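Note that the chains take the letters A, B and C in the order they are written out, and that residue 1 is the start of every chain.
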Amino acid sequence: MPDPLIALGTAVLIITLAAFLFWPEHGWLARWRQTNQLNERIRSEDALKHIHKFEMKGRRPTLESISGALNNSQNDTAQLIAAMQANNFLTVADGEIHLTPQGRDSALHIIRAHRLWERYLAEETGFQQSEWHGQAELAEHRLTPAQADALAFHLGNPTHDPHGDPIPTADGALVAHGGQPLTTLPLDSPGLIVHLEDEPEVIYAQLAAEDLHPGMVVRVTESAPERVRFWSNGDEHLVAPIVAGNISVIPLPEDEMEEDTDGCERLTCLSPGETAVVVNISNASRGPERRRFMDLGILPGTSITAEMRSPGGDPTAYIIRGALIALRHEQANLIKVKKTGD
Amino acid sequence: MNIKLQTPAPDACASCPAHHIGNLLRLGVNMENWDYVVALAGNPNTGKSTVFNALTGLRQHTGNWPGKTVTRAEGGYSYGDNRYKIVDLPGTYSLLSTSMDEEVARDFILFGRPDVTVIVVDSTRLERNLNLALQVLEITDRAVLCLNLIDEARRHGLQVDERRLARDLGVPVVPTAARQDEGLQELLKAIHEVATGQFVCKPHRIKNEAPAIKRALAQLVPQLEAAFPNLPNARWVALRLLDGDQRIVKAIQNGEFGDLNAHAPVQPETNLELQLEVVS
Amino acid sequence: MTVQTGATQAILETADSLRWQIGREFHEHLMEDIYTDATHIADRAVTRPDEKPRFDLDRTIDRLVTSRIFGFPLMILLFTIVFWLTISGANVPSSWLATLLLDTIHPLLKQGAAAIGMPWWLDGFLIDGMYLATAWVVSVMLPPMAIFFPLFTLLEDFGYLPRVAFNLDNAFKKSGAHGKQALSMMMGFGCNAAGVVATRVIDSPRERLIAIITNNFALCNGRWPTQILIASIFIGGLVPAYLGGLISALSVVAIALLGVLFTFLVSWSLSRTLLKGEVSTFSLELPPYRPPRIWQTIYTSVIDRTLIVLWRAITFAMPAGAVIWLTANVTIGGTSVVEYVINFLNPLGILVGLNGVILVAYIFAIPANEIVIPTILMLTVLVTGAGGGAGAGVMFELESQADTLALFYADGWTLLTAVNLMLFSLIHNPCSTTIYTIYKETGSKKWTAVASLLPVVMGFVVTFFVAQIWRLVAGIG
């Protein structure tokens, strides 16, 4: 029998080593994979995406903007652009960079793959909203056009990604969302969120944390150089203008603005015995969960009574269309209601 | 908007079985030695399995748990001179979502075209159960509504006007208490009448679509009806296409709807869409 | 008639372009339309005596079973009763069955075989191997299951179990699991295979996989006898006789609770690593209470659960018995095959505080954990050459606990061996019936492999560390 101390030491050593090598995201294997990702093709695809985005916005891509987007030195970027020129992806004339038709096709494929993958993550997996973009950044380079088509078919040819961006069709048609930045929306007039910019990630994380989603109606109450204050679905949001600028809205006619926000509450605020009527299901709820809510009959106008709370504090059972259904706090929080006096 | 539904092809006799032998075989149901096939659909925990057991004399375990039947069971019985095969579908709240269970139940009704679909509902919570019933009636016009647990409803003082319900839904409605063997003879008779065409259902179809949906349907439904003249539920198929249901898209592409020669023998495919657990 | 491909293509194209026009809220609108009609039709057909949304009796029962004060005590009380009825009620029929199958029929069969002049190897293979293993599994397994499952089913029929899930959901939620896992876990205390089947009521894919993979940590009926025997002869023996029963019972309960702890820990880490991307939705319907139908429940639960599980166990136990007998009786160079395997595994066994015999017994017991103790006894006698056994490849149990203890000490067992055996019995691969059930339920080789290998790896890790630390602290070899 080996000496226990030696055995113990060896085991601890092996476990430490294994953790060092295989730990998710920070382990040696994960890092090696990440660096390996950054090969020439991927940089070129990222550059295509960047140029396409600038073209769509009517801005002019430059060497600086590309190297900024790729997080690359300008020398490397210049080399990359030369290589892409040789591959007939873009033309450079008078310092202006333009995509060739071939380059545009490639860029659209990358965007299509990216948005399809985000849609897939949102609809059919349990990954958190903040994880979608990062995963799609990797998947977009992996998916071949045929795989993207198969995925689109599997998802029922979706039209928009979860951020509200239209997904280019297989033949490259791209419908712009047609929104304007929230900062340009006149004070006190309603607008509909059509798109949330998912780059840079730091700002998107703030948008996600504010629980904002395409399809929500907003109304700006204050727009100052240091902050923008607006209401959406009964919650007040206070963000920096740079964050608000990443929210695209289309103005709505006045009467489509939802009812005044004071009475609007969430299902969670009902105490046992109280009844409320559903206003809507938050856009944060999507995919299987949202469909399940609707199958249970949780729809605008449905009357819901809180019946009893679990002795563990959560979940709470509600009477929904005659059936007693338990919902967890996070779920009930996704359901906007209006309390009714009995 | 009312879209005129296709009546059965002129050469089909009223009392002939309506089920789709080819698709049934593909779904794993062999119809040799059986005259009619009856599907049992319903929400979880409505006593669907109890009805199944009462009709077939089998003793499948039924529990007071929403969602007990996960594997399907099939059994059979005779009524009059006819032999009925009965298939217990998984209990679901809806046929519109994408869970495995719902797909199994939906595919069976849609492609197998059972001669009768019995929709088992809980009389004490009718509103919620009618959600599924209305969806089934969108797909098939050969259905019987089994108003189960009527004893519980009575015990709690609820009165269900089954005649009015039958008129509103356009299908026979039979109150039953399967745990007490109550109403089963009437249920068997109703199934028989629908199967043999003595009772022709005029099922309720969902109205009040938004204008945009109406416009879309007006465009899509005629196209579908032109391509698949025998399709009993073109409107529903159109709605599914508009919802982006890839299973339906696939069915359109590979002609599962177009196979009009319903009674021609078809070899079962090696990969069955639906695995049935035979308990008889 | 065949439909032209052109026509189908045109339909799909029309549908796709229309989808851009009808907007993203389509599904919602459709559901609203359906429910509007459903409400309308239901309102016309149903007359309510008053505007009561729920029925008084249901409401009263719910108030009680989910109350802050009585909810948990009531639950503990009910399950204690169920387990107590199972354990105490199963003792008598279990010993009847053992007397009948092991002490009466087995000798009769041997006599019969001798009378017709059956060769010793055929007689040993069929009667000592296949028959004995099966008889053992039946006598240990059948009575508790025939009591436990109907009781459980009665609670289920009444509608109480969803309330248990409701009460416990918060605890399970914290480890990324579903409240209904409480039920599959509880069922797992009866039989893991039945527990795995019971996860069907969990309709969220991620939580269901978690419940399936962790069900093995519920100490099943086949493992209780091992725990009880080892606890009473080794741990109960540490304290004065009058405390022995209590202490050994407590140590078995501690092992079972450790299993619950592992369930939570493994659920927590699975939901954050391997199963991170799986879909997760929660829904729990609390059905109305219904008076249970006692006779029908007993009938169906015996047919449905008990007999099916038993049948599967028998089909696996029979070949296992045959293999055990063969490996103990086929010799190469005067040493039986099984002894080679034991000697090969012994260093590994000793390293993790067990021994080769125990590891081999656990390999043999993959089909059914019930035969662990008889196999260990048989192999120990074979290895030590001590008297008292029933012959090579013939399972047996000793009448007196003192004899058993003496036999184990003769093979070099220590308290560490006993503790680690109890731990390993809790944390090792599921039995083959359960593995097969997991495969049938998940339909995935990957998850079946995870569910089978994860616990056995964990078992080795846990016993390894316990052994090393024990030896360091105790300063013994």
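One rule holds for everything that comes next: contacts are C-beta pairs under 8 Å (C-beta built on N, C-alpha and C of every residue); 3 or more make two chains touch, one makes a residue touch a chain.
These numbers come from a predicted model, not from an experiment.
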**Prompt:** Where's the contact count highest, between which chains?
**Reply:** B-C
**Message:** Closest chain to the protein's overall Cα mean, using per-chain Cα means, please.
**Reply:** C
**Message:** So the centre of each chain is just the mean of its C-alpha atoms; given that, what is the distance between subunit B and subunit C in Å?
**Reply:** 38
**Request:** Would you kindly tell me how far, in whole Å, the mean C-alpha position of subunit C lies from that of subunit A?
**Result:** 42
**Asked** What residues in subunit C touch two or more of the other chains?
**Response** 19, 27, 31, 35, 285, 287-288
**Complete:** Among all residues of subunit B, those touching at least two other chains are 96, 99, 124, 126-128, 131, 243-244, 249
**Message:** Among all residues of subunit A, which ones touch two or more of the remaining chains?
**Reply:** 157, 288, 291-292, 294-297, 321-323
**Prompt:** Which residues of subunit A touch subunit C in the complex?
**Reply:** 1-2, 4-5, 7-8, 11, 24, 121, 124-127, 157, 159-160, 175, 215, 287-289, 291-292, 294-297, 299-302, 305, 307-315, 317, 319, 321-328, 331
**Request:** Enumerate the contact residues on subunit B facing subunit A in the complex.
**Result:** 93-94, 96-99, 124-128, 131, 243-246, 249
**Prompt:** Along subunit C, where are the residues that touch subunit B in the complex?
**Reply:** 1-4, 7-8, 10-12, 14-15, 18-19, 21-23, 26-27, 29-31, 33-39, 41-49, 55, 153, 156-159, 161-162, 200-201, 203, 285, 287-290, 292-293, 296, 299-301, 303-305
**Asked** In their shared complex, at which residues does subunit C touch subunit A?
**Response** 16, 19-20, 24-25, 27-28, 31-32, 35, 53-54, 62-63, 66-68, 71-72, 166-171, 173, 179, 206, 273, 276-288, 350-351, 464-465, 467-469, 471-472, 477
**Item:** Interface residues, subunit A side, partner subunit B - complex
**Value:** 153-158, 288, 291-292, 294-297, 320-323
